[in-house]
Every structure is written in structure tokens, then in C-alpha cells.
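In the two assemblies presented below, chain A is common to both, partnered first by chain B and then by chain C.
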Partner chain A sequence: MTDAALTPAQAAKARVRADAEALLKRRYRAEARFVFYGRAAIILALAFLVLLLGRIGLQGYSTFTDYRVSLPVQINADRVDMSDLAGSNFNLMVAESALALLGETDDPYGEASGEMMAILSGDLGFQILDRLREDPSLVGQTITVEGPMKANASLYYKGQISRDTEVGGRLLSDRQLDWLDELRERDLVSGGFNWTFLTRSDSTEPEQAGVWGAVVGSAMMLFVTALLAAPIGVLAATYLEEFAPKNRWTDIIEVNINNLAAVPSIIYGLLGLAVFINVLAVPRSSPLLGGLVLALMSLPTIIIATRSALRAVPPSIREAALAVGASRTQTVFHHVLPLAMPGMMTGVILSLAHALGETAPLLMIGMVSFVPGAPETLTSAATVLPVQIFIWENASERAFHERTAAAIIVLLVFMVLMNLIAVLVRRRFERRW
Partner chain B sequence: MTPLSNLGASLKMTAQRDDALASAGTNRATAGKVSATEVSVFYGDKQALFDVSLDMPDRMVTALIGPSGCGKSTFLRCINRMNDTIPGARVDGKIILDGEDINDRKVDPVLLRARVGMVFQKPNPFPKSIFENVAYGPRIHGFADNKTELADIVESSLKRAGLWKEVADRLQAPGTSLSGGQQQRLVIARAIAVSPEVILMDEPCSALDPIATAKIEELIDDLRSQYCIVIVTHSMAQAARVSQRTAFFHMGAVVEAGATDEIFTNPRDTRTQDYITGRFG
Partner chain C sequence: MLIWIALLGLILFSVSAYVAGRRKVLSAAGGRARLMHSLPGYHGAYLALWTAAPAIILLLLVSMFGAQVEEVVLRADPPAAVSALPGSTQDVFYNDVVATVTGGQISQTVYDGALGEAFAEKLVQARDIHRNLTTGALIAAFVLALAGAAMAWPRLSADFAARPRVERWIAVLFLACSVVAVLTTLGIVASLVWESWRFFQVVPVFEFLFGLTWDPQIAIRADQVASSGAFGAVPLFMGTFLIMMIAMTVAAPVGLFAAIYLSEYAGPTVRAVVKPLLEILAGIPTVVYGFFAALTVGPLFRGFFNSIGAQFIGGPLDGLGLYLMQVQNQMALVAGAVMGIMLIPFVSSLSDDIINAVPQSLRDGSLAMGATRSETITRVIMPAALPGVMGALLLAVSRAVGETMIVTMAAGLQARATFNPLDTVTTVTVQIVTLLTGDQEFDSPKTLSAFGLGLTLFLITLMLNIVALRIVQRYREQYD
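On to the complex of A and B.
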């Protein structure tokens, strides 16, 4: 039988089959296209993530090593004024000793000692001051002090300032570079882990600046936030979900909670400024104030997360408890809340992690200030990690830029830790039903 | 039990109850442990149950049968006031338990539910140990003064639910680790543990295999000697096997109620006949 001999019915069937094959191919092609788009999106997102983390890592990792010098210093009685110890120029004394060690003498204009002071940290001078306060008999003797190099000197040792750069563009003169080389050759300088960065607080000198104050500030602030937002949020959500009647009022409340979750965080800063500072006179720039503002900001997200965790508890469990004669409160507290716990905890921890990284509202309430120490109480002035990053980013000294990146690394480590805890809590408490 | 002796027992009990009620000064005569009169249920504007009147005698199994959506479960949930927990639900009419209107203001639904236990369609043990599942009810109601008493209640409840032998050596294992049929018996033990007078069962076997179903049916038959049992079932065979009285629901109303033998062998209403012979539903 030839094609021409096909009956109309057979022809229609054949045509349908051909159409069907074409249709099938088209459907497979559409699916392949979709899979491709999806993969491309994921690869793009990962690429951005790698770029971001890589950039921060590359810029920040060098902060975690620093170079320290160990110098014998002749405590020159001429330079010490025992009646005004703090007024004595110990930095000059250190510089002179260093010059003498390298076989040089200061010029009448103090240029050499000035350049020497620019590569040795002022921390050395403070150490001598402290030692003399303890033991004034050290005057006239030679003591050894150990402390950081100035940030620019460290940058040279780390290879970030090169001798090949033109003199005007590199912050260090040829003479200073020679001294640095010689100090290293004589083994007076050694590199090591930068504990200063983790144990000290903010400072105008980059080599003495650290994140400790900001870490403590962040921890205190987060403590206040957690103490307020977690119980209030969980109780509000539990009431709304399990006890409140479903009527127009609760609908309005629900809509508004969802809206509040979308309000830009800086608005919460304004609210904090207007209410907490101006009306309630909470000390500005304090962890208490920051915690209050961030608690307000976290509440909607905690309520939403808790409500969805409660909603995920199967109604059969509530029925089971009610059917054996448990009251509503017993049903909720004995059965529903324990089952919703992992979801609730995850929600709380994630919104606290979000609060930890929040900057904008804190700028509004004056937390953006130079605070050279860790806060001692909830009401003392403090800085927090994201704001510290913001402050250092604006600093002009080059060494602060690597510290900015390093502080971001510290912040990210805390974030990852909190997210990890959220995952572990979920795993640990998750129960099947 | 023949329908005749059934009827006799029912009459005897009615007489006793009438005496008790008369002495209590109530002029309403009730024929059952639980007696519903013109019960209507509304979910918002929608009426789900239309003037249902039904007596459920003590020490008997009353089966509620009927097509899906006919209001059997809604009626069942009136008896322990579980409908209270549904927003917008409203119950009219009277349900008398031992001479007391359960919808009366003075009746606390929480205490009522200890007297009227309930078993659900899908086994719903708490995600706790087997022991805790059974011990929870007695504990919140303060039935046990110490741990030994509590353990005794748990043991006797599990024994009466026919589960003791299977779980005696692993009371601390999670209740959810049991098989579906065992879970359902655990849930029955949990209901028994608070010493209810009435046990409501909402399609207790529909999620179980035939062997587990047979065990539950056997259990229901055992429990009949102590409780008033009301069971909703989709299986006509099950209703015939386990119940002494049957009520046929259709479109939110009771079409016919009476002794099970009577309903299945000699239904008065054609709709009942059509349903039990499988012509609709």
C-alpha cells in the first residue's frame, strides 16, 4: 500500500502521530531549557558568592598576621620628667634607642627620630610609661620592650608596600625601608598571629585597633534583643495562633505584623531615636538602646516564623490532647509548643543573626562613634561589629582597609556560627509524628 | 445478642434511668446513657445537622452509618463538645449525658471530655513514649497520687486495650514507632486511662489493614461490657459485626435508627435499604 492509497481516517491518524511526536519534542526541549536556566542561575549566584567571599578573604586575611618588634631601650633620665610622667616623650626615647641600635644618630631637626617613630608603634612608649609608674628606679637603665610595628611597617613586611613604588606613593621613605630591612635582618622583628586584633578595641592607630570592643558590644546588644524579642514574639504568636478568636481585629493585627516585617530597618532607628532617646531617655550609643531597637525590628519576623511553626503542628495532636480532657493551655504547652520548638528556635536564631548584622538603625541612634574600649555595662557607650566595619571603612589610613575586611570576616564567622546552631537545634529537637 | 434481649436490656436500663431522673426532679425521660434531642449544628451560615434525635444506651455499641458528608462525624463531635474548638461552629438542641445537659453553662468541656473519650480516624499518638501517651490523661486529671499508681493505671489501660503483651517490654519506646493497628489500640488505651463513661470512635479502622481491623473490632466488643460506645463507620459489615444499635444518617438528618439486626434485615426506609444494599453512597 502506497501513501496515496491511505484512507482519510488513516491519514488523519498518521498526521496526529506526527503532531504528537513534534509536540513531545517541544515539551522535552522546554524542559531542557528550563533546567539550563535554573543551573545558570545557580552558577551565577555561586559565582557572586565566591567573588564576594574571595574579595573579603583576600583583603582581610593579612590582618591576622602582624609584626612585632623587641627593642632594648635606654631610659634616658633627661627625657623623663618624674613630676609629669605621662607628659614625657617616651616615643622619642624609643626612637633614639632604635637609631642608636642601628648605628645612627638623630639630626638636629629630629627628622630621623620622627621617621623612626613612624615605623614603631606608640604602644612601646606606653609600655615604658607603665613600667616606670610601677618601678621609678628603672630610670637610667636599659629595658627591653616588645610591641607592634606601625601598621605601615607591617604592610611593608607583608609585601603590600613595595620598594619599587615611587617614593611619593608609598608612605615610607627609602631610609625607613632600609631600617625595616635591617631590623628584620637582626631578628628584632618577628611575625605572628595578630592577637591584638582580636583582644583590643578600636584605636586611632590601626596596629593597636581590634574588634574586641565591638564583639562585646554586639554580644550585649544581642543579649538584650534576644531577652526581649524571643519571649514577646513567641508569646504573641502563640496567643494569636492558638487562643485569639479569628475576627476582623485579629486579621488587622496579622496584616500589620506582616507589614511591619517589611518596614525598612532605618525606620526602626528613627523610632528608637524618637521614643527611646527623646522620651524614655535611654543612654544613647548603649547596647541597651541598640538592643531595644533591634528587638522591635526582630519582633515581626519572630512572630511570623513562630506562627508558621505552630501552624505546621498537625491538628490531630491538638485533637488528641483535647480529647483526653486537656485544657487549651495544657494542649498548647504540653503538646503543640514542644513540637513547634525546632521551627520556633530556628526562626528566633535566624532573626537574631539578621539583627547582629544590622547597621542602619544603629546609625540613627548614635552608635556610630569612636569607642576605644569594650562596654562594661548595658548602658555604657559601645560600638558593634557592623558599625565598626562602617567606621573603619571610612578611615583614611590604608591599614584600616584590611582591618575592615578582617572585621567582616569576624562578623561572617559569627553569622555562620549562629546559622549552624539553628541547623543543629532543628536537627536535635525535630521529632517525627 | 438477639434483638429481643437487646431491646429488653435497653428497656430495663431506661426504667432505671427514668427512676433516677424522676427522683432528681427532671421531667425529661431519657432512653440512653447519652440522649440527643433535636440537635442542629451550624458551621457559620451552613447547617450541617438538622434536628437529630438519638439515644445511645450504656453497655452497647451504637453505629452511625451513612454516606460521606452526611453529618455522622459532626454529630459524634457534639457529644464531647469537640465542635467548640472549631471557630464559627454552633450547636443547638439538647444532649443529655446521665441526666445532665452537656451544653449547659455549668458543664466544663474539659471535664466532659474526660468522661467522654474519643478515638480518631487516623491514629494520633503523642510523639512521646508509649507510657507517657497513656499516662498523660490520668496525670493532668490528678488520678494518680504517685508513680506506682500511675504505672498501675497505664498497665491496666494497656491490658484492657489488648496492647500490654506487645509493648510491656518497651514502654519507653516512642508511641509513633508502633504499627498503625497498635497505635490505634494505644490511642484507645489513652482514652480508657481517664476512666470515661462513653467512648466515641470516628472511623477507627479506616486507616488499618484487615487484620488490625479485626483486632480493633474484637476490642470494641470487649469494651462494650463497660462503656457506652458510639462508632462512626463507613463499613456496613463492620457496623453489622460490632454494633447492637445503628443509626442511618443522610443529608444531616437521622433517617432511621434502631436495633442493628432490624436495620440490616428489615429497614423501614427505602433510603436505608438503598444505602445498605450498596445502591448509593
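On to the complex of A and C.
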């Protein structure tokens, strides 16, 4: 037998082999393609995550630096009406002092002082008002006040408003930019960490707006939610898992809970509006009301998470307790619940973290109102972080967009903290049987 | 306020009852707990429960429903000036009277003239009622606490079966907690059905479900039943469907392939890194996605389509170019795409569980026959997992339909019946939010229509959930 002469049978065999190899190649190519799709899906999902967080970080980080000005202001007796202090135009006085400092004079139409007022925060005027109320003898003297720049001026210092943009598109005139440069050169303006943003509440002026009120509101609301949802959820789950007889009623409860967990959150807002506000007369937009609504909303998820924690406790523990004469209740309280506690805690904390970021149901119960301070009691009007984000996102000023992203960063920090606690609890106490 | 102090007092009283009860039985048994039927703590708890529980329940009921009772009594004989007012203004009037007394939020209405006199008169009456109600409740609670203690105290003795009785209390508490979930459902259904029923008095169900114009502000024709607008919800349903379809087009393939890769190909390290990252994506609040959609994705997409449109202008596709030039930030595509991103981790984690539940023997069998991994997945695992995956996708659809914040911030308000993803559309949830935020009178069909929409939304998602959960459940049992 030589290589050259193939018998028909051999030729057929070779053809089959070649076909098979081609097929195999095709199949391997399909395999490689499939793996590529899988990898691409993962990479795409992670890319979205990076894009989302990165974009928000980039938009928001600049909020945390802030430019403050300290100005000597000549308290002009002509401008102060001691009988009606609050009615005096302190902003104009500040602007005139600033103009004088920069060696300019106001024009008869007040255009220069108007433009100056547009770069210095109204907070300076309020400070003078407060000082004068304390000590009226300051009239005629020169005092130094220190306060924030208007948001647009800060944006210029941060480089987000550029001189190269056309005048119409950049919110600040050439003259204002010159003044800003001048103020900076004379070291009257200094940049630093933006404490205002963390310690003040909502305001119509972006440079004076902060998240403090929203943080307090969120904390109060979450407190109510935790106080209601955690015990009720844990007890309900324990009942269903440890005590409930298997009958039609408990089946209904179970199906019901699973379905409730998937009901859109906005429906809970409608429930809060129709039942809590209209029937039970709970005050609108209060942390108490928000907490009640969110408690109902997170109850099913807490129950589901808690049940799986209870299911993870091996039956042998229960049997041992029952065998030495403990009652069912004692078994549950002395053995099952303590052993399931870490798992339950994790589930509860994660559900609460989710509730912290929930917005839609709160819009239904009047939380979108403008609240310029931190709530004092559980029944006073409040706003919460996610709703504050929603409100600022709707605001037209550009500086509010920057603050929206910063508020998101604050919200995410709180959520990350809660998740970290959950992870730590799980790591610290987790037991495997 | 007084009621809260009373609650505190009750708790202190019941704690001392606990201590006293414990001590009594212990001394009755001569200090030897093993001779007793129940441990001393149970005796104490029994006494404490009878002391505090009925009284606390009473006080809670009064603090929850006191204001309503007051209002009912106040309304019993209305002054002439008040009964002349329209219904909703009367509500505000009584609300203000009660709120002035209880320290709630008062409306900004000014009452003068005859109305002012009526207000002052009712205020006096309300103060009286409030005082009587509070003192009555406190006295009743006090009597209840004493009676409970007096009833339970003589029973305590060494062979008294305190434990089963305390456990019965606990069982009732447990049951009550699980019933809260059922009550929530009942509350949702009752409030939605009741308010929707009032809405459907004004706008016929047929017009609502099949009407083609949604415009809750302006009357379209004078003889229309609801003179304040048109309530045909079809454009909203179409908008919701369109956005949902776009979202699922993004989420279903990406989520599924991610799940397949994670469960079938990825090694333990990759899983350990990728899964928590996907969980982060799942944990980001929807308002953040909304912000991202409105300020990043929207302008990006608009810029993209505008620049494409600019290429076409003047060419054979001039019309298309002009259309693309005026695409807005708020298009269905933006909201849908971002919602799709939000749903990726939801789809992938559910499908991951389902794929993992397919028995290993099926994989082994297929691989042993010489199939490649992808062939095993597409021809063996996916057919086996299909019902479960369908269930997961249905759950994702239900999420997409009920999602509110992304569409509110990124989809816009124009109700338009279109399937063009570049158009601005609105959804059921956006309309609910728009109708119910800001000032509104509660009885107008405009406000009530939000509940009609809510009921529709609830029913649709409920059906999706029931079907999906049942499929997933049955699928799990198949391989158990």
C-alpha cells in the first residue's frame, strides 16, 4: 500500500475525517463565541457600574471644596434704618464695600453693585444684620465678615465656568470675572472644605444649601422603620417558620408575603396617602409617616430574609432542646433565635439600607416640599436624602446639579456603611453547620 | 403627650408587677423553683402581661383614632356658617379645629365673620372633647391595669400553670405580627379599590381603559362627563410597554449571559469578585439611576442622534435628519436603557440561582457524550432551566413596569401613543407621581385618576408576580 493510491474506502474515510474536523472546528468556534458573549456581558455590566459611579463622583466631588470670602464692610449709617433693621439692604452695603475695596464706584443705575451682589452670597448681609442686632453701636464702623461666594463664582474658581466661553453662555460677565480674579489675588478669597454642605439644610441659594436636614430626616425615618419593621418582621417570620401549622391560612399568608415583596413601591405610597393621611390623619411629609410607609414596604423582604436565616439552623438543635423538656416557645427563644440572629440582623440591615434609598412612595406622601431646616420631632415636616436628590435634580441652577451628585455621594456613603455593617455581622457571627 | 407619659408609667408598673409576681410564687414555694409548675419568671410575666397589655392596647387605640372620634363628635351638630360651605372646605375646617387642639399641621385658611365665630365655638367644644377623651382614656387604662393585676394576682401559686398561659400570649403576638402582612395587602386593595371606584363614578371604566387621549388638565369637549380632562389611559400603557421592552432588550441578554458565564465558566475567584460588584449595581437607589439618565445618558444620546441627523440634512433622508435634529433629552430610549442597566443584576442573580439548580448529572451526561460546554448549555441546561428563566424574566418585567424614579426623571410627561423609542413618552407611574405631587384637591377626578392608574398597575404587576412566582416555585420543586 502506497500513499498515492487510496482505495475508495480509505478516501471515504478521509473525507469523513475532514468533515468531522471541519465540524469540530466550527463547534469550537461557536464555543469561543459563546464564552466571548458571556465575558462581554460581565464586562458590560461592570463597565456600567464604573461609568455610573465614576460620572457621579466626577460631577459631585467639587462640591466638597468651597470658596469663602472675607471682606471688610463699612457699615454705612445712611443705608441702615435702625427702626426696621431687617428691611435694610445689607447686600447692597456689602457690594458697595467690595466695589470700594477694588477701587471702583457704583454707577447711578446700580449695575455694578448688582453684578457684585451676584457673586457674593446673601449670607454676608445676614451676618451683618445679626451683628447689628447684637450691637447697634457698630453703625458707622468697619467690620469684617466672612462667608461663601455665590455658587456661580465658586464654579469659576473651580474651573467649571471658563473665561473662554461666550458671555451669554457662562452666567458671569467679563467684569465679574475680573473682580473674582482680583479678589483672589488680594487673598481675600480662600478655598477649603465645604462644611456648609454638610451642616446646613436645603436653601433656595445653592451656595447655602446642604444635606444636614435631609440626613436628620432620613435618620428619623429609618429609626421609625427599624422600630416597626424589624420586630414585626422577625416575629412574623418566626411564627411562619417555627409555629405555624401547614394549612390553607398559612399558605395564603405565605403567598401573600411573596407577592407583597414584588409590589411596586409606588403602590405603598398610594396606600400611605389613602390610609395613613386620609384615614388615620398622620401629619403629611413627617418622618413618622415616611417611616410607617417604608416599614410596610420592607416588611416582606425582612420576613423572607429572616425565614431563610431560621431555616439555616439545623433541626438537630430544636430536637435536642425539645428532648430535654423545653417547650416549643422555649426552644425558639433560647436556641433557635439566638443562633439565627446574625443571619436575621444581616437581612434586616440590608432591607433597611434599601429603604434608605427608596424615593417613589415618599413623593406620594408630600415629602417633596421645600423644608429649609432639620426636622425637630417625628411629626414635623421633613425631607430625606433621596427626595432631596430628586428635588435638586429638578432645580435649574447648574450649581444644584453639582450638589445633587454630592448628595448622591453622601447617600451612597451611608448605604455602603450599612452594607459594611451587614457584611461584618455576617463575617463575625456566621456559623456553618 | 399625656398618653405617652401614661404608657411609660404603665410599663414601669408592669415591671414592678413582674418582680412582685416572681417574688410571691417563689416565697409560696419556699424558694425552691423545682417544686413549681412553671419557672418563677413565667409567673412574673403572666402578672405583668395582664397588668400592661390591655391598658396599652387601649391607649394605643385612643392615640391612633382619637382625632377621628373627635371629628365625628364635632360634626354632629354643624353651625349654619359651616354647613353652607362645600364638602372639601368643611373637611379643612374640621381638620383645622382638631389640629389646633392636638398640635397638628394647620392649613393657612383664615376664618373670619360668622365662620370665625363658628371656629371659636367649635374650638371650645373640641378642647372639651379632647380633654374628656384623654382623661377618660387614662382613667380607663388605669382601671384596666388594676383590674388585670387584681385578676391575675390571686391565681399565682406554686402549681399554677403560668408557662402555657404566657406562651399563649406570645403565640397571639406572633400571629398578630404575621397578620400585619395580610392587613397590608387588604389595605392596599381596599384603598385602591375604594378611591378608584369613586374615580370610575366620574369616568367610565371603558373610557379609562380604552380611551386614546390622556390629558387630565383640559376639557376636550364640553359635554364630556369629566369636565376637567380626558382620561384615556392607552397612551400611558403604550409608553410603559415601550420602555419596559427597551429595558428588557438590554437586561435580558446581558443578565442571562452574565448568569451563564458566572455559573458555568467562571472560576471561584472571578465569581467572588464579580458577584459582589453586581450586588452593588443592584443596591444603587433608583433615584441615582434617574439622575444618571437625566443628566448623563439623556444629553449623550441626544447629542449622538443630533449629530447623525446633521449628516442627513440636505441629503435624500432630509426628513429623517430634521427629525433626528429635534430629538429631546427625554426619550423613551434613555429611560429604557438605564432601566435595563438597573435590571441586569436582578435578572442575572435570579437566573444564576435557577441555572445552579439544574442537576449536575445533566451536565455530566451531556459533556460525557462529547458536547462542548456551550452545546451543553444551549441544548441541555437552558431547556431544563427555561421555565425558571421565564419566571425570572417575568419578575423583571414586573419590576420594569412598576419602576418609578428613572422614568419620572428621564421619560417626560407627554402622553403619546407611539412605539418610536426616540419619542418622549410617559408611563403609568410617572403620571401617578405627577398627579399626586404638589397642591391638589383630593376629590377631583384628576387626583382620583392616580388611584385608577395605581389599581391597574397593582393588578398587572400582581398577575405577573403570581404567574412568575408559581413558575419559579414549580421549577424548583421539579429538581428537589
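As a working rule, the second predicted complex is superposed on the first by the 391 of 433 C-alpha atoms of A that agree within 3 Å, B and C clash if a C-alpha of one lies under 4 Å from a C-alpha of the other, contacts with A are read in each partner's own complex, and residues count from 1 in each chain.
The definition used in the following text is that contacts are C-beta pairs under 8 Å (C-beta built on N, C-alpha and C of every residue); 3 or more make two chains touch, one makes a residue touch a chain.
A quick note: this is a predicted structure, and the numbers were derived from the prediction, not measured.
Participant: Both complexes share chain A, so when I overlay them there, do chain B and chain C fit or clash?
Facilitator: In the superposition, chain B and chain C stay clear of each other.
Participant: Looking at A:Arg248 after the superposition, I want to know if it touches chain B, chain C, both of them or none. Which is it: first, second, both, neither?
Facilitator: neither
Participant: Regarding the shared-chain residue A:Ser327, is it in contact with chain B (first), chain C (second), both, or neither?
Facilitator: After superposing on A, A:Ser327 lies in contact with both chain B and chain C.
Participant: In the overlay, answer first, second, both or neither for which of chain B and chain C A:Leu52 touches.
Facilitator: A:Leu52: touches chain C, not chain B.
Participant: Count the residues of chain A touched by chain B and by chain C, then name the partner with the higher count.
Facilitator: Of the two chains, more chain A residues are contacted by C.
Participant: Taking C-alpha centres, what angle do chain B and chain C open up at chain A, rounded to the nearest 10 degrees?
Facilitator: So the C-alpha centres give an angle of 60 degrees.
Participant: With the two complexes superposed on chain A, say which partner A:Ser316 touches: chain B (first), chain C (second), both, or neither.
Facilitator: A:Ser316 sits against chain B, while chain C stays out of touch.
Participant: Go through the superposed model and pick first if A:Arg427 touches only chain B, second if only chain C, both, or neither.
Facilitator: After superposing on A, A:Arg427 lies clear of both chain B and chain C.
Participant: Report for A:Leu260: first if it touches chain B alone, second if chain C alone, otherwise both or neither.
Facilitator: After superposing on A, A:Leu260 lies in contact with chain C but is clear of chain B.
Participant: Which partner chains sit in contact with A:Leu339 here, chain B, chain C, both or neither? Use first/second/both/neither.
Facilitator: first
Participant: Please work out how little space separates the C-alpha atoms of chain B and chain C at their nearest point after superposition, in whole Å.
Facilitator: Result, nearest C-alpha distance in the overlay: 5 Å.
Participant: Both chain B and chain C touch chain A; at which residues?
Facilitator: The overlap between the chain B and chain C interfaces on chain A comprises residues 327.
Participant: Mind pulling up the chain A residues that touch chain C in the complex?
Facilitator: Touching chain C: residues 27-28, 30-31, 33-35, 37-42, 44-46, 48-49, 52, 55-56, 59, 231-233, 235-236, 238-240, 243-244, 252-253, 255-260, 262-271, 273-275, 278-281, 283-284, 296, 299-300, 303, 327-329, 353-354, 356-360, 363-364, 368, 379, 381, 386, 389-390, 393, 401, 404-405, 408, 411-412, 415, 419 of chain A.
Participant: Chain A touches which residues of chain B in the complex?
Facilitator: The touching residues are 80, 82, 85, 87, 110-114, 117-118, 120, 122, 124-127, 136-137, 140-141, 176, 187, 190-191, 193-194.
Participant: Can you name the residues of chain A that touch chain B in the complex?
Facilitator: Against chain B, chain A makes touches at 245-246, 314, 316-327, 330, 334-335, 339, 431-433.
Participant: Show which residues of chain C lie in contact with chain A when the two form their complex.
Facilitator: 64-65, 67-68, 95, 98, 104-105, 163-164, 167, 170-171, 173-175, 177-182, 184-185, 187-188, 191-192, 194-195, 253-258, 260-262, 264-266, 274, 277-278, 280-281, 283-292, 294-296, 341, 344-345, 348, 372-375, 377-378, 395, 398-399, 401-405, 408-409, 429, 432-433, 436-438, 442, 450-451, 454, 457-458, 461-462, 465-466, 469
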